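Before any comments, here is the structure.
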């Protein structure tokens, strides 16, 4: 049976493809998810995806993933830089967590350079656009010992 | 013809497998390079690898990669946090740069949380151990438009 | 046809008229909106107003205003000082944004002196109480080239 | 007639008993509330309890308590350290506010050492586990002049 | 009889229309004053205007306005960020003070984000170009209880 | 046999009832101790109390409590904010430590917001006036497993 | 022959007696100077006094005092906190310099707690109102070895 | 009957005349006190003097002065920069407090530039050596309305 | 026809040769100007020189140089470290600006290490005494394409 | 005749051997002193030792050592990080001062990394446990030119 | 005989003319050296030039220049901002040192605004491109008293 | 067989005896090593010494000492304050590390007060000149359990 992976997108990521395309590219959120699913399936993983602009919903989603999913791939959007509540929710999650950013936060405004989520993630990937999601999915498979 | 990729390892990474295995694991640097090569070959990339504890040599290596390689994958070790000279060398490099860290610097000492190299990298990957190198190689292939 | 303007009020502004009247005055939120509408109508603007204590709802409201409103007048309340997510939502909005504060944040606690929203606003108005909303509405009309 | 007291639990406290038991112990949120109720009843207080991972809901709850409750006992979880919006909501509340933390935030990560809620609380209690809630309930009774 | 309002422009504002027009626009200082006067007259206000590059002259002007004017509209230019002496002069002024900035200081260099004048102003308006002066004049009328 | 508890009061607390009664109330130190004793006795605890304006004496008292008392309730007064020596003395104490403050330090001057003692206390209670001592005594009983 | 002493008053001190009398009292600048002269004369000192709101004029006055006065008593007003140019002018003065403040800057806003002038003054006196000037005059006499 | 004034000297001031005479001069503590007494007597003040290297003793002395002295002249030595306990003791004193420093702390090491005592003093005098004590005594007489 | 160059000297530079000669040397301002003129003439440049202790005059001089001079050589004295108004005036100047300092600010007090003027200068020269002016004049000639 | 050396131990060092033995080891203070004496005697030094938890007593001890001892070896315990008064006392001591720490403060909490005593010590030794005292004694002998 | 001058170029300066030409221009390092030599020769100076990307080699070069060269002109590249080791090497050099930067570091990233080398240089020149080297050579000649 | 100890000297220490003798004394590096050897031999230790100005060489030396030496005595010179790479190399070394400084860094410039090497050293010794090396050698013997 396929391992279930939660892919969570934080605030403003529903605008992917429309918002500041010179930074975020023209692929839509649907494109991202379709792409991640295509990578995940042959690796034996089943992706459950959600996007929310509400910090509380993201926390609920993470709680809900406990005991029923094998890993979380999260792009916390702007909550990356301030949400200790998401930090605490992820700290209480027993599986692997991979943080993904589409653009490279270190090459942008200073306030984007701090992640309060990173300390509770297994690893993080940034700046690789849609390829970052592929890499997160593949890395998750490796961490879970799955083989194609 | 295969695309040439420079893989550079900074200070103390020659001790991989021996040094603090609870943080860095038991794979040696040779294991890392062998693994990266195995991933790279079918993707049409040829890896040139170097390790040095000398900041100046790392800069020379980056300069030397100009005009003759398609990308750089770099783990700058402790120079990550202070070497503006490596920053400047990478800024002068015309290809893609992917920064890799074996452990998750954000989950360790505070001084490991700042990368002066990241602002001039296309992207970065951390905390995924030896899988991080696989992902860096695959991501480089994607950035270069290579297909298996 | 009248230009549609979104007027958004952030957390605790539903208590206007009740909460700390020595700072915020005795006019209620309804009074504010009625007043803004009375100014807007003869200037050819139609006001759509919302208040929410939920950061996520404010983001949704801003997203929803895309492509269908001519401008946003926003009083982000205490989110002014920390919500990079609202910052990102406004950055993705194509029209003019005017930030309004009823009291003068610079004359209060130090933490009220920083606005993370201001960098993505066209302009901001503070300390003028209910008159600040009149001025925001009039300024929006000027920015949109409307004439009475 | 019993005085009504609002007991509010912030993000991740629904996981009490499951999450990091070495820090938070094995009692569940239901245990906490039952315990608080048992202490409150003979002191003439009636407890209304809520938990939410949504900052906006916490604000709504605090607003809703205005004019109908005699005091608030709040454990704001990770919102303790960043939510000026909850600060403003509590500042607009006319009764006593007691802040409670299960663990001792001063003995943990540096970012847990700052409370933006404390300046608008009458008092605060931390590090005493489930006993902290008993003490908060008893202290509230004292502040309200209630006698067993 | 018309209420007298002092409009003061600080350093470099004599270059309006010539200096960095991509930031400050092409209207000259004379245009600004003419525009403000046109708004003020029907509202029953008489504008007295001055520009100076000398901090001392600005202080003298503010002192001189005591007891003889009903309000001050001030654009302190670069003195906004450092002149505690102007702060003290305005603090000693008994009428309303409105601070105006043509561009949005929060969207520019970090040092432009701090105003030492704001704490002693009734309110402030920024980023609205020449319209900001109209709004300042109108707001002053409101604060003075004048009606068209 | 009753458990012995050391209650220690730091500098200036001998002035309780006389000093700034709008902050500290009108109860004297003797009132505080009498009140604490009245709560402690039925809970099976015997209170030994001391007040000193001398940091060294406070350290000596803490040392002297080693091996012969079951817990310490300490109000370190202004030493709260600077005495690493009291921190070290408490760290060397084997029993429970509860830190108490009569007023709410977080609602006062910034320098009162840092406690160097808190990291070595089991818990802390502040802002509850004389009730805070009752709560500290009761909490100590709970930590010691005493029942009325 | 009497020793000549320059007494310099900085910005806003011309408003003494009118401005914020709860802080600065009701004595006017003329009262201050008359008082200082009355103290100085029997001690064999002749006071030359100036007030200016212009930093440049204050610098010119200090330069002009070189070689022809025995000491300077200066109240730099708000320039105290920022004028390195006055600092440099006083550093180039060969006689004694006494800095005087009417109110106690340490009991007011944080920015008033730093004096850039103090490092080049022989001494400073603050918080003593008009008596501070008497004390400055008497202290200057002592430094100059004058006897009544 | 003469007004009683407490003159308190903090740590290391017993070494006056011996310690770093290039900074502190060659007059001994006895000389200082004799000089202060000589000034005080004809002004109708009686000086009670103490020196201690113990922070606790200084606090006891200040407490003991309550209700029985008309003012305190204090040179807190190195405690100036850190003793919030002395700050609190002086805050609880009902009379005038004048802080004196022999040398000019602003012209020495950075850590000498902050006084935690100053905010609770009426005024302060520094850098004037033994004359500073004369001026403190005279200023105290003025504050007490005494005349020679 | 010779290119006109404005040479501006800021506060206290009128004291050159008299003030702190161990830092600034014994050459007077007149010597400096004569020397600069002697270098400039054969290079085809005509020097207009001004010194002022008034920030406002320096701004007026810079404004006045617009459209009629080919470059500005400025030694802003102590205004270097704080005058954003001079910064703005130079930013509005269309020609080249060279900042000169006689001594080496980086080898002196910390506050001399920051120049707010430097970001709007083409280049800067410091620590070379009177030779610095020669070099500034020669460099200006090079920037203007003048040849001897 | 033997040179007299003062060995001073600060707060909490009386607990050596009992307190946190995993950090400080199991040797008692008496062991430390006996060991130091055994090293000192053949080198011609006579050790006078004191321990105190009172900052004031430590200052008195240092004063008392003036003129009658050849050197001081001091372990200031937690006063290391805050006592400018001990700093001043040591600065007034004419002989050599060696600071000793049993553990390595740089490998512990951040606040232990700053020594306010170090700037007035000849040298310091840390992290070497009881051997550190031997080394301090031997180094003192070398500084005093003593030979075994 | 010509005075020997060491001209040292730090990391990445070997890329001059190729790297970021919009910042550094199109002249190569060879062009720079040829130009400096052409200026130096008629002034009686003989230039020895070196470039290295190795901090250690730069230190060796500076050491090697001791006792055999009359001055050093150094562009430390990115080591400017961090190399205290180069700082120490230059501090041990007995001749004049002039620091040169091609671009204006104050107009670039914040981290380029601090030079740890400047405090041990006689002077520095920046922002003048290749002319900066001419000026450094000419200034060195002046400092050495050489005449054309 | 003698225990092998690596003694490493960092940048600029090859200049000992020549460079700033008022700080570092007149003994040369050879004198230091000879002295250390003379102390080490009778204690059963054999010293291998190296000096390098190259950070990379120092790292190589530390790596090379792994598994073949019993301890490292290191004076990292200016790399003390910035080299996290040397920190990491020492962290990977299994034996004891003693850090030595000839002068007292705490009595010099602020940047010399931070050691990034200290957290991974067993202990450190500073300010004792050539005696510091003797003490480091003796302490190493003690840590290794060697007896004369």
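Each chain carries a letter (A, B, C, D, E, F, G, H, I, J, K and L) given by its place in the written order, and its residues are counted from 1.
By definition in this document, a contact is a pair of C-beta atoms (placed from the backbone, for glycine too) under 8 Å apart; a residue touches a chain by one contact, two chains touch by 3 or more.
What you see is a predicted model; the values in this text were computed from it and never measured.
S.K.: Shared touching chains for chain G and chain K?
M.R.: Under the touch definition, chain G and chain K have I as mutual neighbours.
S.K.: Using the touch definition from the top, list the chains contacting both chain I and chain L.
M.R.: The common neighbours are K.
S.K.: What shortest step count links chain A and chain K in the network of chain contacts?
M.R.: Each step joins two touching chains, and the minimum needed here is 2.
S.K.: Answer with same or different: of all residue numbers used at the interface between chain H and chain J, are over half used by both copies?
M.R.: Copies use mostly different positions to touch.
S.K.: For chain B and chain F, what's the span in angstrom between their mean Cα positions?
M.R.: From the centre of chain B to the centre of chain F is 55 Å.
S.K.: Approximately how many whole Å separate the CA-defined centres of chain D and chain H?
M.R.: One centre to the other, that is 47 Å.
S.K.: For chain H, which residues are shared contacts with two or more other chains?
M.R.: Chain H, residues with two or more chain partners: 54-57, 82.
S.K.: By the touch definition up top, name every chain pair that qualifies.
M.R.: A-B, A-C, A-D, B-K, B-L, C-D, C-E, D-F, E-G, E-I, F-H, F-J, G-H, G-I, H-J, I-K, J-L, K-L
S.K.: Quick one: which bits of chain C touch chain D in the complex? Just the residue numbers, please.
M.R.: 10-12, 14-15, 18-20, 52-57, 77-79, 81-82, 111
S.K.: Mind listing the chain K positions that touch chain L in their complex?
M.R.: 54-57, 59-60, 63, 66, 82-85, 87-89, 91-92, 116
S.K.: Can you name the residues of chain A that touch chain B in the complex?
M.R.: 98, 104, 106-107, 113-115, 118-128, 131-132, 134-135, 138-139, 142-143
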